[in-house]
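The two complexes that follow have chain A in common; it is paired with chain B in the first and with chain C in the second.
And then the complex of A and B:
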């Protein structure tokens, strides 16, 4: 069974839950930007939750099926069609051999996840099928999918149509999107006013936001506490002696535009990070369109862990719903 | 009158580069596949192409403005 890509959309790539265990060597985590939506899509079609899916951003691809399969589309909201007939989002449906899956314009959110029963079975690289184009790892020859590609799948017919994730469990960002932040090791570099301003201001997603990092604009520039330039650090007040970056950490080069490091980000460098977006909210970033309004909200470790538990609980409820 | 819609969200530009003239001016002929503007997103510029032939009437979205998917960018008289 293969998926014939008739139109790839924009930077559509094969993603799973990511590439574990290589971040310390500079190999990014990789994997779906919205791992919640990827897991849900896989559950709907009866796959392992970490099976490889297609992640499409802002535009849907057009795909012809060579064999009948169960399919589900989660994440971003846009009309889904099989040979022109509309299908429900966050629900399983059947695509028969010879039929074509296609999409209309994006209505909300940013990234859609297309799960196919049996999963996409391109070769693994370093334990994952996730595509990391800059490092030419995973996916189809380490790149995004192109027209003419034929993607192999596990080939099972799956559980068929009629499985659905209830509305209350279809997680998406609010308006403005609220991203919870745990202040980090370098918080002391900011003046009190700058620290408060970061959380007071409304920011907007910059158009250059991508899988490496989500950049934000529109808030006041951050002022730094005066210091003596440490040996090995750059001259700009936002520079540090090179350090590690965590998933979700927020760097602000020059103090002007915060960048939240996401799945394909580097693992270290010479910019201070004021803190990190909590793991529970990283999925939401994957659903932000350019120019979307965002507020950062300060939380402590207890609240971050509570939010993580809540997200896990929602996934557990989907598991129960779908049996 | 046919509308040309943005296929994706981003920033809309009517010119190939800041120093050049807009892709189309009122009265210009439009063929299917002609580029009428650019959408910038994720450090990439995506060409917006006409899906109808006719005579260009006007840009509806402003140069450099944020647009959403499905938003009208320009009008073509067919």
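And then the complex of A and C:
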């Protein structure tokens, strides 16, 4: 069975849970930006939770099915249609052989996840089907999906229509979006005042927001503690001797616009990082549109672990609901 | 050198051996990251060595952050007593300095540069006190380099020159990064040289280009058949200046699948190097010339 891509949308790519063990060679984690939504979509259609799905940004693709399959769409909110007939989000439905799945305009969120029973079965590269276009890995010949592509799937019909994730378990960012941050890494480079200001100010998602990272604007510039720059670091006070970047770490080049590094981020570089968004909140970033208001909230490790447990608990409840 | 431990979110331990770059800091970071790897700590999913620091990724569902932090700290003494000695390889990388492709690119992004009136090499030579670009190029390739980190993008090596600190070349990055850099550009930023493994954005000054691929996801290039990434931390590199004719000839060999990089196995001992830099380098270059 194949999925015939009639229209790819804006930037639709094949993603799973990501690539493990190659970050030390500069090959990013990859995988869905909203892994919670990807897992839920796979559960709805009876797949392994890490099966490859389509991740579409701001705009849905148009896909013709060559065989009957169970489908689910999670994440961003936009009307879903099969041959013109509306379907429920975060719920399984059936697309019959010859029918076309399409979408109307985006209403909320940023990234939708389309799971198909059997999963997408393009070849794995370094243990994952996730698309990393810079390194030409995974996806369709190392690139995003294009019109005319025929994507192979596992071909099973799946559990059929009628499975749904309850509203309370459809995780999405609030207004303003709250992103919890654990200070650390090179936090000591900031003055106390700058550190406090970072958490006090309201920020807005900048237009430069993609799978590599999300940039934020609108807060006060950050001041650095005076020092003579160490040998090899570079002249700007925001520079360090190039080191690894943690997943979710927040760099602020020149002290002006924070960037949260995401799934396809560079693995290292020469900018200081003030800490990292906690693992439980990384999914939410994948659902932020440009200009969305964001507050960073300071947490400690115990709170980060509690949030992580809560997210896991929500996924466990979806698993129970769907049996 | 004072080691600093911190967390990167709830999934990383970050260890900085020193805030400035030195071979001592690199060796300590490499030894300690190796000790963490050898300890096979349950819940550790990846270890990433960098220039003067390293990062341990862990699964907080399998090991608590405090436990992993304590275990990593316990290994510091091992790194301090470890032999600062590596069995590694020295590789000759051909470089076509002042090539037409990086030249075209640097002209296209001139307004993002500190000195829009000249080239990246003109600027680098001047601020490092060289009278001519040729003399600067000579300083860049005459002594070998150490791969102190692999990363940024797929398989990109950061290289640190094996010379006294006062002889280190230092160049700032572009004022604002370029959106394009030719594949296999030999770049420079801070005290590091690099080779861009793929085409893409970049902020390092551009000096030249190598015809030798260092990353091939399809693994068709002969010397990348075993693994798609060529470099690993600890590799030693000697740049070999080449002209257009040699560049074209090597490119043809690469395409025909007959190109074999010149490589020799060498021992690198940090104490021996610190005692006699030029002598240690000469010995390694001799091994390379015999290969």
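Everything below uses one rule, namely that the second predicted complex is superposed on the first by the 323 of 323 C-alpha atoms of A that agree within 3 Å, B and C clash if a C-alpha of one lies under 4 Å from a C-alpha of the other, contacts with A are read in each partner's own complex, and residues count from 1 in each chain.
Throughout what follows, a contact is a pair of C-beta atoms (placed from the backbone, for glycine too) under 8 Å apart; a residue touches a chain by one contact, two chains touch by 3 or more.
Predicted, not measured: the structure shown is a model, and the values here were computed from it.
Novice: Which partner does A:80 reach: the first (chain B), the second (chain C), both, or neither?
Specialist: Neither partner.
Novice: With the two complexes superposed on chain A, say which partner A:208 touches: chain B (first), chain C (second), both, or neither.
Specialist: A:208 sits against chain B, while chain C stays out of touch.
Novice: Please work out whether A:137 is in contact with chain B alone, chain C alone, both, or neither, and reply first, second, both or neither.
Specialist: second
Novice: Taking the superposition as given, does A:59 touch the first partner, chain B, the second, chain C, both, or neither?
Specialist: It touches chain B, and chain C stays clear.
Novice: Using the superposition described at the top, determine whether chain B or chain C touches more residues of chain A.
Specialist: More residues of chain A are touched by C.
Novice: With both complexes superposed on chain A, which partner does A:10 reach: first (chain B), second (chain C), both or neither?
Specialist: Only chain B; A:10 stays clear of chain C.
Novice: A:267 contacts which: chain B (first), chain C (second), both, neither?
Specialist: The second partner, chain C, only.
Novice: Counting only touches as set out at the top, which of chain B and chain C does A:33 meet: first, second, both, neither?
Specialist: Once the two structures are laid over each other on A, A:33 reaches no partner at all.
Novice: Can you list the chain A residues touching chain B in their complex?
Specialist: Counting only chain A, the residues touching chain B are 10-11, 57-59, 78, 105-107, 110, 207-210, 289-291.
Novice: Can you name the residues of chain A that touch chain C in the complex?
Specialist: It comes out as residues 20-21, 23-27, 125, 132, 134-137, 142, 182, 184-185, 187, 230-235, 239-244, 246-249, 266-270, 273, 275-279, 301, 304-305, 308, 312.
Novice: Sort out for me which residues of chain C touch chain A in the complex.
Specialist: Checking each residue of chain C against chain A gives 6-12, 14, 16, 18-22, 45-55, 57, 60-61, 65, 149-156, 158, 165, 168, 170, 172-173, 189-192, 197-198, 200, 215, 217-218, 229, 232.
Novice: Inside the complex, what are the residues of chain B that reach chain A?
Specialist: Of all residues in chain B, those touching chain A are 5, 7-11, 40-44, 46, 66, 68-70.
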